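Below you'll find the structure I mean.
Labels run A, B, C, D, E and F following the written order; every chain starts at residue 1.
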Amino acid sequence: MSIIRSLNHQDEFVGFYLLKELEVKQTNGTPAKDYFDIVLCDSSGQISAKYWDVTTTDKETFFPMGLVKIQGIAHTYREKLQVKITKIRKANDDDGITLTDFIRSAPVLPVDLVYIIKQVLENITDVEIKKIVTYCVSKVEEKLMHYPAAKTHHHAYFAGLAYHMVRMLEIGNFICKQRPFLNADLLKAGIILHDIAKPEEMIAQMGIVSDYSVHGKLIGHIAMASSWITEAAIRCDIDLQSERVLALQHLVLSHHNLGEWGSPVQPQTAEAVALHHIDALDAKLQMVEDAIDVLPDTENWTPLIRGLENKPVYRMKW
Amino acid sequence: MSIIRSLNHQDEFVGFYLLKELEVKQTNGTPAKDYFDIVLCDSSGQISAKYWDVTTTDKETFFPMGLVKIQGIAHTYREKLQVKITKIRKANDDDGITLTDFIRSAPVLPVDLVYIIKQVLENITDVEIKKIVTYCVSKVEEKLMHYPAAKTHHHAYFAGLAYHMVRMLEIGNFICKQRPFLNADLLKAGIILHDIAKPEEMIAQMGIVSDYSVHGKLIGHIAMASSWITEAAIRCDIDLQSERVLALQHLVLSHHNLGEWGSPVQPQTAEAVALHHIDALDAKLQMVEDAIDVLPDTENWTPLIRGLENKPVYRMKW
Amino acid sequence: MSIIRSLNHQDEFVGFYLLKELEVKQTNGTPAKDYFDIVLCDSSGQISAKYWDVTTTDKETFFPMGLVKIQGIAHTYREKLQVKITKIRKANDDDGITLTDFIRSAPVLPVDLVYIIKQVLENITDVEIKKIVTYCVSKVEEKLMHYPAAKTHHHAYFAGLAYHMVRMLEIGNFICKQRPFLNADLLKAGIILHDIAKPEEMIAQMGIVSDYSVHGKLIGHIAMASSWITEAAIRCDIDLQSERVLALQHLVLSHHNLGEWGSPVQPQTAEAVALHHIDALDAKLQMVEDAIDVLPDTENWTPLIRGLENKPVYRMKW
Amino acid sequence: MSIIRSLNHQDEFVGFYLLKELEVKQTNGTPAKDYFDIVLCDSSGQISAKYWDVTTTDKETFFPMGLVKIQGIAHTYREKLQVKITKIRKANDDDGITLTDFIRSAPVLPVDLVYIIKQVLENITDVEIKKIVTYCVSKVEEKLMHYPAAKTHHHAYFAGLAYHMVRMLEIGNFICKQRPFLNADLLKAGIILHDIAKPEEMIAQMGIVSDYSVHGKLIGHIAMASSWITEAAIRCDIDLQSERVLALQHLVLSHHNLGEWGSPVQPQTAEAVALHHIDALDAKLQMVEDAIDVLPDTENWTPLIRGLENKPVYRMKW
Amino acid sequence: MSIIRSLNHQDEFVGFYLLKELEVKQTNGTPAKDYFDIVLCDSSGQISAKYWDVTTTDKETFFPMGLVKIQGIAHTYREKLQVKITKIRKANDDDGITLTDFIRSAPVLPVDLVYIIKQVLENITDVEIKKIVTYCVSKVEEKLMHYPAAKTHHHAYFAGLAYHMVRMLEIGNFICKQRPFLNADLLKAGIILHDIAKPEEMIAQMGIVSDYSVHGKLIGHIAMASSWITEAAIRCDIDLQSERVLALQHLVLSHHNLGEWGSPVQPQTAEAVALHHIDALDAKLQMVEDAIDVLPDTENWTPLIRGLENKPVYRMKW
Amino acid sequence: MSIIRSLNHQDEFVGFYLLKELEVKQTNGTPAKDYFDIVLCDSSGQISAKYWDVTTTDKETFFPMGLVKIQGIAHTYREKLQVKITKIRKANDDDGITLTDFIRSAPVLPVDLVYIIKQVLENITDVEIKKIVTYCVSKVEEKLMHYPAAKTHHHAYFAGLAYHMVRMLEIGNFICKQRPFLNADLLKAGIILHDIAKPEEMIAQMGIVSDYSVHGKLIGHIAMASSWITEAAIRCDIDLQSERVLALQHLVLSHHNLGEWGSPVQPQTAEAVALHHIDALDAKLQMVEDAIDVLPDTENWTPLIRGLENKPVYRMKW
């Protein structure tokens, strides 16, 4: 079985892959014929593929997100490597493979990520803060096991959201030690809550976001999370006028820093300033790391990265 | 008693006024002497005044927002009319005056404004919407009787907020008739709710905002009102996933139209688009009307109006 | 005859339609063959269509904006419904159809719209204002019967410009009653004049703008209308220094509100502020109404609407 | 008589000066005394001055823009040189001085500047263009003899506007020789017309702008000049549809380049592009030259220059 | 031989051309066939062309930037003229043609441009400035003979950079005469140095930029040229603290005027202000001249010009 | 001796202080009298003070940045605490105090900060990088002992620059461990070099910046540091084309992230992205910490902080 990243022009190969995208298209000839325009992927990357002369049975057999066994040949077309599929069949139970082997994931197991988050949560000493964060996490706990942190921007893969939280918690922990004037409970809570409503903002399967939800478009994860804190306080019998509620809502509402980036208020507590900059540091570095990770050895420039002012990143040669 | 707007250079006069602002200052001479730097106002406008040779007793007698009887003389100083106070005493019960006679107010009685708002509320046909709006209004009902709509921008006077709501409801009513595809319940609810949290965002007395509250600075009236809708839904046993809750929160969250103006999401329902533009139309026209209202007959240009791109407005001569 | 909005996958149908767009293209095969890439429309909407195996005669027979009778079949291609035309012939006099049956129009008859505008004009009491507006309207009266208000933004259909004027006049009338300090003559005149030069700025047929004119690109409708007022004053023997001329030119020049939106000066009279916001209210709501009007029943989100910060609009499900 | 630029700390002097500004102020002592807060100027610069113990007669004798003979002493106050006036009297006919000796002027005589402009005008070969430019120049010919080009930005002195035109005509002449594809008639006409309405936009005396006119604020010199071209064409019996009228209006309307700088359209002819950049080159360099001109020899940095992104300019030491 | 600009629909022709671009593509038919998607050019312009039924030999014979003899037919496809190639062969020595006959060039011979630049350099009187400029020019002297000034913006052709310098030197010379307060040595040096590092910022062949270099992307020509001045000063034993070094680095660093256009500091010397505006004037006018130069006689509007706010330019009809 | 932060209304006190600012001003009375307008400071904060009835000897005795012994009384004036000085004398050697006791400093000794930086430098493994950084540090080593990091923005105190470097090195060290794909040598070098030219950009004494230098204004610390790297490479015989030189210059040039913030190129290596965000995180948190540090216990809001979008920061009450 061939790893996608290792394919070269003229390689013939056989292996199992995920049909990440599949569209039935028609040739321009007369009569027009159906063909499959496919994106194949495995955990190492993805590649465009074509399957010509599609039959009616094929169209009823193969669908996006299905696992298949393929025989194909790689060739360069318009300066890009592409696969011409010569044989294709659905994977079956005997093949002993599972979907999660084929998608991009956080480098730590989801179960471990969620465990770490819960440990941090457990160690929050302020009772009100702990209750509110616990309530909010419980609303999305199942989705935390697999949701990405964004559609394309950063951590856009299986369990990317939990991975983003955990890495930020590590940085937050360091910063709190370096600067003891920060309230560690608040900063940890802010890190866990800041993107907590993302699983309700986006519709995702297997770490891939297909669209934003209606609530995502009309309310957004920032205002949603703020409302969840209100809901949590009511359900946990915490006074809505408590400064803890205020501090947590401020953390969530201000974490995008500017109005044009979606925050209705700007950071105005020490922890809110810290949260925004830790978020930026982790997200931007992850974008770079992810882009370099899938960069072929023969290239030194990544594609344009939207979250970095739409600039590419250069990998030094030494 | 002389109306402030009618004063001219060299007028000597006696009358009752409100000490809107009063600061004890010191002359630069040696020895420095105390004097009062005062802003006098009545319902027709306001004017700067000085009271020289202040005694210790005076300093313990006169404070901002107190009513006084004054004997003074108006004179022009650096191109502006100013008052030199020659005599001053506190008003007493026998004088038969009340504070509200001396402050700028909406042209409709507060009690009538609140009555109109409640009538509209009563006529909302959708049960969930009605319950939520009723709950939110009840949170600030007392303050609706006197709160201004903003610190300086527009409707910055006694009961200005309720007046703004009522005028928008009039326009909204007309627009719903002109465009029946709009959901009138939603639009009315949006008009009543869009600024409903302003009384908690600002600290005001007698229609004058002295500052923003801590909640106002850290959360803002937009996110506050959105959380109130969550609270209302929980208290009234309405499903938080109801499209009514979604629609109302969207109206509130999007009514400033752009991120840089404080809205975390942009209007994406017909009623949200209508709400933003009715709000703008009413607020901008009121700024103009208020500025022209206090413009002396001898002038044609108002002062710069911040909400109008910091431009003045010209009153035609015919 | 099938209405375009009601077509479904696999529907076979016969009917009369307008060839809104028609291009001769060539298949990629060898030898390349000509085919027609067509946009069909009727008053309910429009749809993409193909007619394969085009003959030389066909190419001399069918042109854009022609009426035709078609036999076709609807099918879904790349997630969009499309028509494959199986037979096509030109419509003839016996078919008893006219072009205007097939294009999108304002919901009020053009003749009625122009009548209403003239009624309003008739009721302007100020003689100078009335003369100037009358002169300007007479320059484009014929085009007012059919011109759209914009290329794509809003009211982009037959008589859309006149419809926009009439609706704004309705709102203006209401606002003048609500706020008597406004000069009703000026506001009405501003509403009629603000877009009066659009028919010279754009080249349109049947309510569809094909391009901007040279004058449109180099001068723009705003400066054009301002010059027309100068021209009108000269032709009607009105003093160019009259404050009426000034007020009308200011209304026209400032109605886009900001320099970056094309206004060389910002609104600085009460009526100019009113005009801009009434224009915005009517144009934005019409964009929404038009987008929802053609939204298939099965969908809840309109396409992106450029004039609404490029956001789509959501139609509530209840 | 001492030149203002040459004054030093402790200099006693006698001489004639212009009272550029004069305000009656009052000391803070008790009793308050009147004094004159004055700005003295001569052709070399200006300086702040005080005249203490003002009498009633003084207040009826001395006014802004009057010429006076002064005895005074220069002294440094808060790091700035200032004059204490010890004697003052009005200049009289026997003194043999005139106002224009005391104000900042273009370095070429106004009569010569206007002569040059008229020579250029005379040499325009296109008949329509020549007629229109001639008509527009005749509207402001008298004011061209003394008007500045701006309130503070650049060429803010006696005949500054005409000087700006003449210098631009020199550059324009060179550029037309360097790039023969440019239409020299159009470019010259554009240079003469682009700021031609400034004398009606601003209220100025002796090269000093006191304010913008009502027309200046509500219409602006750009739209005004465009209307003057319409007026000129009508008065000279030139077809309003002539491409000459179009080209000239485009030059005027687009010369500020961007909407946010006041141009409703952007330059879209070769000559319009040239006009904008020649205007910028001349205006910016003149700001620099003027600022360096009045820079004391002991300093190397000018004050902040608003038209240069609010930066100061450094004069090299060699 | 047919000039590309003179081709019309249905013209059959034979001639020599440059294969500016050549890509092997495949038809969508089954089986897919290879064809060449080509951009042909000569000194008059360029045109899209197709060569169908490509053989294996063809694919080994024809490459981008090769000279060929072609037999073809022009035809209109999707409103654009296109060439169908019927015969093609490589040009050989006997054909007596050279590459430079087929590419767009500055209208002055490169050798003459470089000679002029060196003459100017020779006439710089300040010794330090002359040494530094000489050193920097020597770093790129060979490339000055052919490099364009930009990728697409302006002077994007053979020797465009040297042409840009020479034209700016002409304007600079005129401006220094008009305004003697400018330091002519500095301005000339600034003109020669401002874009001197462009040949290291971009990778170009035959006047066509294929990409930016790694140094170009990570450092940019502005900071590069600034470092070259440091290098020059060290190599020529000039004190790095010399005001000449300072003045030259400031000229280079500030010539894009604003931070968002790439300048880390804004112009703050007279010569820096002059440099920026002379650069803008020459670059913008050249964009216009180049666009009009290749505009077919039948059209009056050029394509959109990115450097002119993405506007097209109109060529007057008279 | 009284600590400034502990003063209250009506406190009489005696103690040693630094005259941070001292200006001779004049009362407005007649005759005007001289007085000192003073800013007193000690390590706990600063306060405004007046010394009335100044003698000629006083004016020759007291100057800014001098140490004095004072007897005074604190009183509230216009809502601010102020000191009226009743006695003042210069401090002398017998008083046993030194200037550094009275100014705000980094919380770590300068000598220790520089030691840490040198340790890090010592541990850079790449030879070229180490040489270049060592060369650049040696240029400002003496100033590193006391320079602030900025004029007002952040770390604006004695040795603030070195403190900023050291704290960033701590964060950088952590991030390199968390993300091993980062080149630790490069990131450390970037942290040390990014602001290395600030001591030449600003003129500072005792940790207080009085102005920017001429080089600071015309070149800026970013381009200066880039040139220093060129200089270092030449002096250390390192090839200017080395990728190390490229990488270091890119780090320095891009660290302000955006053109409008002064960076001519945007971060396009992993380490450059890390550098910018670590810089932001440390600088912003330090602004907050410094502001809260000097916040009186009775207040919860700091003053507006320019570097935080001009927002104040709120200190929670619990």
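Basically, contacts are C-beta pairs under 8 Å (C-beta built on N, C-alpha and C of every residue); 3 or more make two chains touch, one makes a residue touch a chain.
In this text the structure is predicted, and so the values were computed from the model without any measurement.
On residue numbers, the A-C interface is repeated by C-E, which shares over half of its contact pairs, out of the options E-F, C-E or B-C.
Between subunit D and subunit F, the centres computed from C-alpha atoms are 43 Å apart.
Chain geometry summary: the mean Cα position of subunit C and that of subunit D are 46 Å apart. Computed from the mean C-alpha positions, the centre of subunit A lies at a distance of 61 Å from the centre of subunit D.
Residues of subunit F in contact with at least two other chains: 28-29, 214, 217-218, 247, 258, 268-269, 314.
Taken as a contact graph, with one node per protein chain and an edge wherever two chains touch, the assembly fits none of the named shapes, being neither a line, a ring, a star nor a complete graph.
The full set of touching chain pairs reads A-B, A-C, A-E, A-F, B-C, B-D, B-F, C-D, C-E, D-E, D-F, E-F.
Put simply, subunit F touches subunit A in their complex at residues 167, 170-171, 174-175, 178-179, 181-183, 186, 243-244, 247, 257-258, 266-270, 273-274, 277-278, 280-281, 284-285, 288-289, 292, 308-309, 311-318. The touching residues of subunit F, when paired with subunit D in their complex, are 23, 25-26, 28-30, 214, 217-218. Partner subunit B is touched in their complex by these residues of subunit F: 27-29, 33, 52-53, 77-78, 300, 314. Residues 214-215, 217-220, 222-223, 226-227, 229-231, 234, 240, 246-247, 249-250, 253-254, 258-265, 268-269 of subunit C are the ones touching subunit D in the complex.
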